[in-house]
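Below, chain A partners chain B and then partners chain C, in two separate complexes.
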Partner chain A sequence: MLAPALVVIGGLFGGGLADALAQSFGWFPALGMHDLELDAWRAVLRDPAILHSLLLTLYVAATTTAISTILAVALALALRGSSARLPMAILHLPITIPYLLAAVGITLLVSQSGLLARVIANLGFIDEPRDFPPLVYDPYAIGIILTYVWKETPFITLITLALLRGAPEELEQVARTLGATRRQCLRHVILPRIMSGLLAAAFVAFAFTFGAFEVPLLLGETSPPTLPVLAWYEYQSLDLADRPTAMAVALIIAIVTGVLAVVLLRLSRRFFNV
Partner chain B sequence: MGARLELDRLSYRYPGADDCAVADLSLAVEPGEIIALLGPSGCGKTTTLKLIAGLLESEGDVRLDGRSLRSVPPERRHIAMVFQKGLLFEHMDVEANVGFGLRMRRTLKSQIAPRVHRALDQVQMSDFARRRPLELSGGEQQRVALARALVTEPRVLLLDEPLSALDASLRDDMRELLLHLQRDGGHTTVFVTHDQQEAVRLGDRIGLMFAGRLSMYDEPEAFFERPPTRKIAEFFGATNFLEGEYADGVLRTAIGELKLAARVTPGRRTVVIRPESIRLGNGDNAFSARVLECRYLGTGMQYRFAIGSQTVVARLPADVTLTAGETVALQLPPAALWPID
Partner chain C sequence: MSDLDREMGTFLILLRNKIRNVPISIAALLALLPLVPVALWSVSGSWRFPALWPEAWSLRGFRHLAEPGTRFAEALATSLGIAVAVTAASIVVALPAGIAIGAHRFRLRNLVILIVLLPILVPPLAVTLGIHGAFIQLGLADTAVGVILVHLVPAVPYAVLILASVFASRSGEIEATARTLGAAPWQAFLHVTLPQIAPGLAVAALLAFLISWSQYILTVIIGGGSVLTLAMLLFSAASGNDPVVTGALAVVFALPAVTALLLVLRLLRPRVDRAPALDRVRWAPGSN
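This part shows the complex of A and B:
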């Protein structure tokens, strides 16, 4: 029954991964490269710029995930008892907008020539729009983080809402009659109950942010680029000899994501009995 | 020792609902007393418990030892509630579940462990302290839930259908355990059930509810022997209703004249008699009856008789063997005939 699906998954992802691995070791028959070597990996692992890119990527993904998750939990808690359609429609909207459009929208909104800078300048808080702090192409990647938070908060919120609505309301009620305040209920009953699902949703958001290149390419500083942007640069290079480096960088992204997935799974099993 | 609980004109309407789930409900439960809220599904029993616990905001008032709980949140009422399904916290083991209330109330750590162990011991679950809720049967979960509530030493204990999720043998054990713990701890207890047998066996008093209203609040015997209305009599299994004109000390009905022991004002009246109160034999109110149907009930026999045009149902001992079509003398003792509205 599962065989066709496994073949497709194995072929697409396993095959792609194996090909990337082979190329990263310099085995690329189409270009006449038949020798397995470690040059690309050696270069990548010795290059301090790669470490900067890795740290930047981790910072962007972790910050985005943390902010989105906190906002999502707050939003889901506020919305869980409501049957109003408008907030749900507003929540679904960002999910339907492509990342490219979201990045353009954020630029129009928060760049130094953007809407927010003009409004604040007109209100007299700053002399000119260009006095507005740089929030895109900035060293703290604020524009990138804002874009991802706007896109990912609704995604995590919808999953959290489903998790919350799946938990019986009476579980909180019994906790209240046993002496728990609302805050204690949240901390000791609700959050532990939804935590494994919430961590999974947060991980999906993290993995996506960690591996995506469009938004950092459009809104990020050119140096250092995030790892996916770096892989993209190397992949796009006219010199095909750069291809093993591109693959090595892409594999670092896959390895970090894979290690995190395993750690998270173990944590979930250890602490949340899942 | 438990507190005196008073409900004063308690009313609640769920958002968007046309009718009140609970309407104008008043009753008092004495310290250490156990009362049953009985009624069909959807009559507002569980809602009443939630109003007492402060989980829903109601009109009217709940008082403990005379003190209003109107602005007291659930966590400060010291009223513990055990739900039908147990509702243990799945991410905690049994011991942590039982200690939950004490931890939330910031009880000294040195006191928590002995109290938890004592509570687990009371419900015979000491050997299960390290188990997770999902590893327990329904009955075991329910006992842990009971220990979790009792360990907080509540002033009032609320039990929402605590036995209905259990199978018959477990239900008997749990009922005995409940009664034992309740008497032992002297907890003022309100429990909800739709099973009149359970209400009769456990309750010092029973509050019968229909459509959010308290129809009758009295000792169990009163529901059987002195039901005020036909609906209440029917809910408690009475099936024989005789209507007639009461004058000069007798009720003239379709089957003949009936002497009544109860005082009745003259006029059009209905009396009820329970199937188990009808006897074979002669005496006051004896009539010739033809057997229409017999049914074996395990502990006795149920017969349907025709007295003239009136049908009556009687439960007789198992050793009485009558056959359909047979004619016998059937007596409706005057003391067993109770006038209803």
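This part shows the complex of A and C:
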């Protein structure tokens, strides 16, 4: 019964990964490239531009994940027991909206002539679009981060709400009765119970933002590009010698998230007994 | 307790309930916020800085999409066709795996789950670039079939996870009863299992559809420009500078996401909640 799924995932995912790995070592028989070599990897690991891209991508993914996770936990704690159905339904909306559409919406909202700048202008703080700080195509990748936070916060919030539902409130009431402050209660009673699930949700958000392509290509500065965008530029290059480089850059993305997944899995096994 | 006290008490409870709903209302407003300028731009005729509201309305964006030169109809049909195919294939592939993982315990089960999760844990870019090389040799590059296959990489894992959780929450006792009463395995599946898992199946299908519908880079890499989807049209519009056309495209692009959300919320609504008739009328989609 598992065969179809394993064939699809093993064949496409495993096969694709193996093919990317082979090409990163310069092995692509269809194009007459038969020699295994480490040139691309050596060049990629020494190139300061690629290091810049890696740091930018890490910064975007880590910032997004941190902000979204903190907002989501705060929101989930505030929403517990909330009975408002319509707002709850609306909160689900960013999860189903495609990233591309989210990027378009954030641009129309926070660009220099966007809705936010118009509100500020109507309040009399600025006169012209160029007085508004650039929040898209900016060096701090604020537009990209805003888009991701908008998408990921509801996702992590809903998972946190489900985790909280699994943790009975009686335990907190007992802790409070025994004199625990709200903060102690959060730190010692609530967080430990939801931590492993929360880490998993945060990781899924991190992995996605680390490897996603559309949003940084649409809203990011062209230099340095994020790693996925860089891999795509290299892949599109007409020079076939850039192929192995593109593959190596794309594989760095897979390796970083893969290693992080293993580390997190170990951590949550050790500390949270799951 | 006097009447006044009682009224004060009722008032305080109402007030507390209102205050409890403040955070969710703010969150919901923020969730809607980026979609507001998209919707406004799509029907605006003139909207200069610093006007907060379009100065004139027009359907120029939508009319532009209807012109043959924009290839909008072609892209819409391609996006729909590919998404439907991906949905069907995902369910066919994921249903048996969901039953196996959800309802059975077997050796290496954790390893199987890890393999299913891999495409969610590891971003698909490297994989897709690798697949492209193989697809060129197989003649699948630049074809809709190739695009459908590559969309299965992100779609199948989510479908398996949802179906596995559906089957994990069922005991299989009713099927056993049906079998005792003489039903063949396929009869038990068709008449007992299927009606019961229908909502979960629908959620998995909707998610697979949305995942395919939203794809951009996987389609671009494997389709190589020969397969034009709505996501690609929206991307090139968003890189240009006509927010009216971008807004119109974005509204069309958002429709399946909004529809799917409404359907999922209906399907997942706990049955207990459905009981009070008043509540149902109040929150029924469209009545508010």
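Keep this in mind: the second predicted complex is superposed on the first by the 270 of 274 C-alpha atoms of A that agree within 3 Å, B and C clash if a C-alpha of one lies under 4 Å from a C-alpha of the other, contacts with A are read in each partner's own complex, and residues count from 1 in each chain.
In this text, a contact is a pair of C-beta atoms (placed from the backbone, for glycine too) under 8 Å apart; a residue touches a chain by one contact, two chains touch by 3 or more.
All values derive from a computational prediction rather than experimental measurement.
**Q** Could you classify chain B and chain C on chain A, in the superposed arrangement, as clash or fit?
**A** Partners fit side by side after overlay.
**Q** Would you check which partner chain A:73 touches, where first means chain B only, second means chain C only, and both and neither mean what they say?
**A** In the superposition, A:73 touches no partner, neither chain B nor chain C.
**Q** After superposition on the shared chain, which partner residues are touched by A:175: those of chain B (first), chain C (second), both, or neither?
**A** In the superposition, A:175 contacts chain B only.
**Q** Just chain B (first), just chain C (second), both, or neither: which does A:97 touch?
**A** Second partner only, chain C.
**Q** Just chain B (first), just chain C (second), both, or neither: which does A:202 touch?
**A** Neither partner.
**Q** Quick one: is A:210 in contact with chain B, with chain C, with both, or with neither? Answer first, second, both or neither.
**A** After superposition on chain A, A:210 lies in contact with chain C alone.
**Q** Kindly classify A:144 by the partners it touches after superposition: chain B alone (first), chain C alone (second), both, or neither?
**A** So A:144 meets neither chain B nor chain C here.
**Q** Output check: A:89 vs chain B and chain C. Expected answer is one of first, second, both, neither. What do you get?
**A** A:89: touches chain C, not chain B.
**Q** For the overlaid complexes, name the partner, chain B or chain C, with more touching residues on chain A.
**A** C
**Q** Now for A:189: first (chain B), second (chain C), both, or neither, which partner does it touch?
**A** first
**Q** First (chain B), second (chain C), both or neither: which does A:163 touch?
**A** neither
**Q** Measuring by CA atoms in the overlay, how small does the chain B-chain C distance get, in Å?
**A** It comes out at 9 Å between the closest C-alpha atoms.
**Q** Under the contact definition given at the top, report the residues of chain A touching chain B in one complex and chain C in the other.
**A** Of chain A, no residue contacts chain B in one complex and chain C in the other.
**Q** Can you name the residues of chain B that touch chain A in the complex?
**A** Touch residues, chain B against chain A: 50, 53-55, 73-77, 79-83, 85, 87, 89-91, 100-105, 132, 145, 148-149, 152, 158.
**Q** Over in the complex, which chain C residues touch chain A? Could you list them?
**A** Per the touch definition, chain C meets chain A at residues 17, 20-21, 23-25, 27-28, 30-38, 41, 49-52, 92-94, 96-97, 99-101, 112, 115-116, 118-131, 133-134, 136-137, 149-150, 152-153, 156-157, 160, 210, 213-214, 216-217, 221, 231, 234-235, 238-239, 243, 246-247, 250, 253-254, 257-258, 260-262, 264-265, 283, 288.
**Q** Write out the stretch or stretches of chain A touching chain B in their complex.
**A** Touch residues, chain A against chain B: 168, 170-171, 173-181, 184, 188-189, 192-193, 272-273.
**Q** Of all residues in chain A, which touch chain C in the complex?
**A** 1-6, 8-10, 12-13, 15-23, 28, 30, 75, 78-79, 81-109, 113-115, 117-119, 121-122, 128-129, 150, 154, 157, 203-204, 207-208, 210-214, 218, 228, 231-232, 235, 246-247, 250-251, 253-254, 257-258, 261
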